[in-house]
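Pasting in a structure now, in structure tokens, and then I'll have a few things to ask.
Which chain is which? They are A, B, C and D, in the order written, and residues in each are numbered from 1.
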Amino acid sequence: MDMMEYFSNADLVGSSPILALGTFSLIALLVNSLVKNSQKIVFWVCVAGVVVSLWFAFDNFELNHTAFSDMLLVGGYASFYSILFLVITLFALFLSVPYLEKEEYHLGEYYILIILSTIGMMLMGSAGDLITIFLGIEIMSVAFYVLAGYFRTKLSSNESALKYFLLGAFATGFLLYGIALIYGTTGTTNLIRIAAQYPQAFMDPLHLIGWGLVLIGFSFKVAAVPFHMWVPDVYEGAPTSVTAFMSTGGKAAAFSAFILAFSVPMSMHDPKLTMVIAILAAASMLIGNWFGLSQTNLKRMLAYSSIAHAGYMLIGIASGTQLGQQGITFYLVSYGLTNLGAFGVIAMLEKENGKNLSYEDYAGLARTKPALAALLSMFMFSLTGIPPFAGFVGKYYLFASAVQSNLTWLAILGVITSLFSTYYYLRIVVYMYFREGGEELPPLSRISFATVVLSGIGIVVLGIVPSLILDVLKSMF
Amino acid sequence: MTGKNACPTKSNFMIPLNHYLLLSAFLFSCGVLGVVVRRNAIVVFMCIELMLNAVNLSLIAFSSYLGDATGQMLVFFVMVVAAAEAAVGLAIIISLFRNKQTVNVDELNILKW
Amino acid sequence: MTTELTIALAILLLPLVSFILLIFTGKRYNEKSGLVGTAFLGADLLLSLYILFAKIPSEAKVWDFTFTWIDFHSFVNNVPLKLDIGIMVDNLTAVMLVVVTLISFLVHLFSLAYMKGDIRYSRYYANLGLFTFSMLGIVITNNYLLMYVFWELVGLSSYLLIGHWYEKKSASDAAKKAFLVNRVGDLGFFIGIMIVWMQFSTLTFDGIFSSIQNGNIPFNSNTWLTAAGLLIFCGAVGKSAQFPLHVWLPDAMEGPTPVSALIHAATMVAAGVYLVARTFPMLTADALLYIAYIGAITAFIAATIAIAQNDIKKILAYSTISQLGYMVMGLGVGAYTAGVFHLVTHAAFKAGLFLASGSVIHAMHHALHQVNDHHTDAQDIRSMGGLKNKMPVTFWTMMIFTLAISGVPLTSGFLSKDEILAGTLAFSKFSGHTIIPIIGFLVAGLTAFYMFRMMIVVFFGDHVDRNRADHLHESPRVMTVPLIILAALSFFAFYSFNPISASHGWFFENVTTPTVVVPESVSATSTEEFVEEVHHQHTLAMILSVSVAGLGILIAFATYYWKKISADAVADALKPLYNFFSRKWYFDELYDATVVAATIGVARLLAWFDSVIIDGIVNGAASVTRLGSVISGKFDSIVVDGMVNFTAYSAGFFGMLLRTIQTGKLQTYIVFALIGLMVLLALYI
Amino acid sequence: MQAYIPIFLMIGVGLFLGITFLTLQRFLGPHRPNPEKLSTYESGMPPVRTARERFSVKYYMVAVLFILFDIEVIFLYPWAVNFRALGVFGYIEMILFILILLIGYIYILKKGALQWD
């Protein structure tokens, strides 16, 4: 029997970035088990894996087909997101080394788990089928659960992991139930084939409930209000380097799958579905920003900010247009760079046992570490959405998409909540520049600093010349 | 697999799809309720497993009624994923127990506000 | 981009370069930083002059360089979605460039001596550079986006400058107050911009105006057009210290005096007037009427307060507010060129007044220091007197500035004030709002009175302390030269060869009223008719304004020089009124009593609610005590910082919410998620 | 309703058999208790402590690993069903799959997770 019916060269090429990273993760696992004290080697194997995978992803960019009987998308969108995840992973890997060494808990498994979760993200970003989305989410999440509890002797890390795990698994139940109902009403889990059955299938209430449940599952993953409450606890308790990775890569992956899945039902421009997503977006922007106001711990503040930013990005989903989806994609790039940088600075200044994380601890930083203070200010400006940083362009994009889809009220709300958010973002700047302080700081590592500087350069370049990404986006959608 | 063999012969003896779905929904709700009211982390997790298995039931039912194998395939994946989650979950609970000597989820409150 | 625009860009960027240079090298070359900054600004001034002399004779109405910054390759409301930004130079911009760089240069020069030995000397010059850069940015952009960015930058850099001596609590409070009050206005400005953008999907002045001209009105309603105009005007109300947001400006006098000259004469406060001028084409008749009234009210209130002040800088501060009200009123009545012209002439003589007062204060400080007097206020005019002979250059230049601001013929102030007053007369003829010209003339008289009161008390008679008088000296050359330059610029000849009318001078010929684009049904009187009427009213305005100014001066001399009228007796006779004026119409008290008190009240209510109800239910007695101490701590900080510390307040409020929702308990989270799910489900079905 | 007959039958038979055998042994079997017999049976060793005690964490470890490797077999099932149709290619695929599991096994082995002491 001819096996080419099941498997072709095109499938191999299409999945090459994922396969490559998977292979390297296995090699790393082998190295880790066979060689003693091999953290450094494992780290470099993982970096090599990411680089090779990046190369394959770039190579695939021009392609435009599907693999494994439409289970996997190849090229364009999938490649773009794969590249995004891989770059974020690379940043996160380099940020982690000094952090783990400082905390004196340095194991090779950490890096393996990071790239395993990246595999999950890449599956999500190139999913052509609800099963692929489910698998991707699970691969990513299971690795995240472990990473959140990585400091296994610390109670806060344990607690963070358990909360994340139980709520994550709970959300998976909803997502899966939704998938089951969609499958039951259309007879397929493939997104393309589901879309082919529209608009009749869309009239079935069971089908709609299915999408509603999938929406809930995704809302948990992207941290949209009211399914957001795990976020602050998990972000605060997890190791800072993991939080940096979760809040950027994890969020980007969730949104990449969100876009893929919901481009199908959103194509119907159903006012009720739009309204529900718009309300999720509005609630996230309001709650995230308001609760962010009263935080004193920077990690927790950034957690609430992450909820708020999920709200901004949901505007793009609610708009249901290509403009909105491009906006989300751009936003994810800028948000990823910004948050990695911000968490990078926080990880660098953190002292043992999670000390040195409050606003007060940053007083007078401008005098003791002017470069770090300037960088952190830039990240805060970008999160606020002040030109000429990348955050501004992203917000502009998303608000424009809202106006285009007659959701002007959402854009107005977005602007107002952004104004609110300036209070807590710029408060840290005020502390750094206008308050006296300055305790002993932990020694700063060069690698972390270089990474943070790179993300700083990234947001400025993207803020001034956004067309670098915009032109790519145009060709993707 | 064409699915023809997997499809039971449609006869008068078939249990209507709705009954499966209702049972599945009932089990799912039981799971959700359990997650909300139980305090032991392991029991909470078992209730989540119950939710997943409720979904498996409806998937199998759909698969059988549609005569399509995709649903069964998904069930395999769900089971494997559930097993992996169980392993990780158990590990997390154990490490928590080692530090805190309890698995009561109400006592997890150093992270709040 | 043409050569001229490249030069214009260089004008914009030079102060920024100066700022960056001084920030990075300031510590090492502290003494040199003043000279570096001044040199940069000198070059900037020369370039600006070049642009002015190139632009005025040029055929082109405007030099514009616009490019698409971001192209989203998409359409919104059938308009391509993209962000165009750029710079432009028209006659107004060219004039403003010179005004800003000139004043800034002179302030740089003046500060060389005035700020000598300051502990943050290089930081001071760096901030001056940043401020000048931001101000030039406002003047040179061709779109609201960049304008807003520079607008906020001006706010930030003025915060830095006013709070330069931040060890002094009053200085840092004043800086905060200025920043926050400006924020209120900026919020309106921002919303205005948003309305405009939502409708037109562009932010360039040109794009917006041509869109309106083609009948594209926000939400198809002229009311919204008026609202958009007024909201943008809110920004001007904040920056130009118009009623009711004028309260920050007098406090901002806590900054170094040259900073006051820069910020409160030619730049920051002028930005508001400039904004109105730029937005002028899209202002409806209704919007203009509001603007005119706001200007008139501001001019009147500030003038009355100025009469009763004794601090030399406070008097000048209120006179600034009053004159700004004049400009805004001028623009509001439709006398566009007159309003802008007053901005230019005022920039010169008001900067001069501030610098001269700086010179006086400098001398007083020096003298007080010599006699070891640390109690006398160096800024109180009652402790001065007889400085005429001690400081002749300062006296004569300041006299010229005072004549100019009082509107005495042969000065620049006379020309511009006259045009505005003629404009108000014409306006009242068309619209019937006679109160506006009445206020205009009244304020002209008041201005002459309080300015001469200040001059007489400070410079005439004998010095109050003979001992101290011996130590009073004229300021060094580097301080007097800027005064002389500004005094020269306060003569009519620079603006018009005709000493009694500027309407055929180069300014009026070249800076003309822009074409109004609003629909005819809601537009104000057409420009041609208006100008025609202004010409008719001109003579009347001139006669009236000279008489009221003369009257004001006469009363001032009668009261303070010849002592024919006893100022104290008058103050006693009109005690309630005098108190009302000297306490600044109780605006600060009013705001304290309303806004700040409301904030505190809400906080107190929440604290009570939190401690009594929420905690009683949720946490029990133990945490009440703990929370009580937290809340009372918060309460203190609210009382102390007033509305400044908004975040502390919000922490109290949202802390309460968080305590009830974000309990840290897993199942609470799930329950909230399920409740949310139910709500969404209800919406879905 | 007819469709449910097999289920009800199943339940009925199950209950019937369970109850019958439990009752039967009570009546048929001899019942002569002594302390030795009533104590917990532990492979013929005398019981040391009560049986209701906490297990060592090591049991959990083994249990967790068991679940994982046990459930992975599920993927062998569809392959086994269509073994002939999938041919050599399927065989290679399965070998790869097992190899991946093997790497996991090596990891466990080397980390000492299966060592009891």
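For the reader, a short list of remarks on this structure follows.
One rule holds for everything that comes next: a contact is a pair of C-beta atoms (placed from the backbone, for glycine too) under 8 Å apart; a residue touches a chain by one contact, two chains touch by 3 or more.
In this text, all values refer to a predicted model and were calculated from it rather than measured experimentally.
With contact taken as defined at the outset, chain B and chain C are each touched by A.
Distances from each chain's CA mean to the overall CA mean are smallest for chain A. Interface comparison, A-C versus B-D: the higher count of C-beta contacts falls to A-C. Centre-to-centre separation between chain A and chain C, using Cα means, comes to 44 Å. One simple way to say how far apart two chains are is to compare their mean CA positions; for chain B and chain D this gives 19 Å.
With each centre defined as the average position of its C-alpha atoms, the distance from chain C to chain D rounds to 82 Å.
Measuring from the averaged C-alpha position of chain A to that of chain D gives a distance of 40 Å.
The set of chain C residues touching two or more other chains comprises 655, 658, 662, 664, 666, 670.
Multi-chain contact residues of chain A (touching two or more other chains): 163, 166, 170, 232-233. Interchain contacts give a graph that is no line, ring or star and is not complete, per the touch definition above.
Chain B makes touch with chain D in their complex at residues 1, 12-16, 73, 76, 79-80, 83-84, 86-87, 90-91, 94, 98. Chain A meets chain D in the complex at residues 1, 3, 6-7, 26, 29-30, 32-34.
Note for the complex: chain B touches chain C at residues 32, 35-37, 39, 44, 105-106, 108-113.
Put simply, chain C touches chain B in their complex at residues 655, 658-659, 662-667, 670-671, 674.
Of all residues in chain B, those touching chain A in their complex are 21, 28, 31-32, 35, 41, 44-45, 48, 51-52, 54-55, 58-59, 61-62, 65-66, 68, 70-71, 73-74, 77-78, 81, 84-85, 88-89, 91-93, 95-96, 99-100, 105, 108, 110-112.
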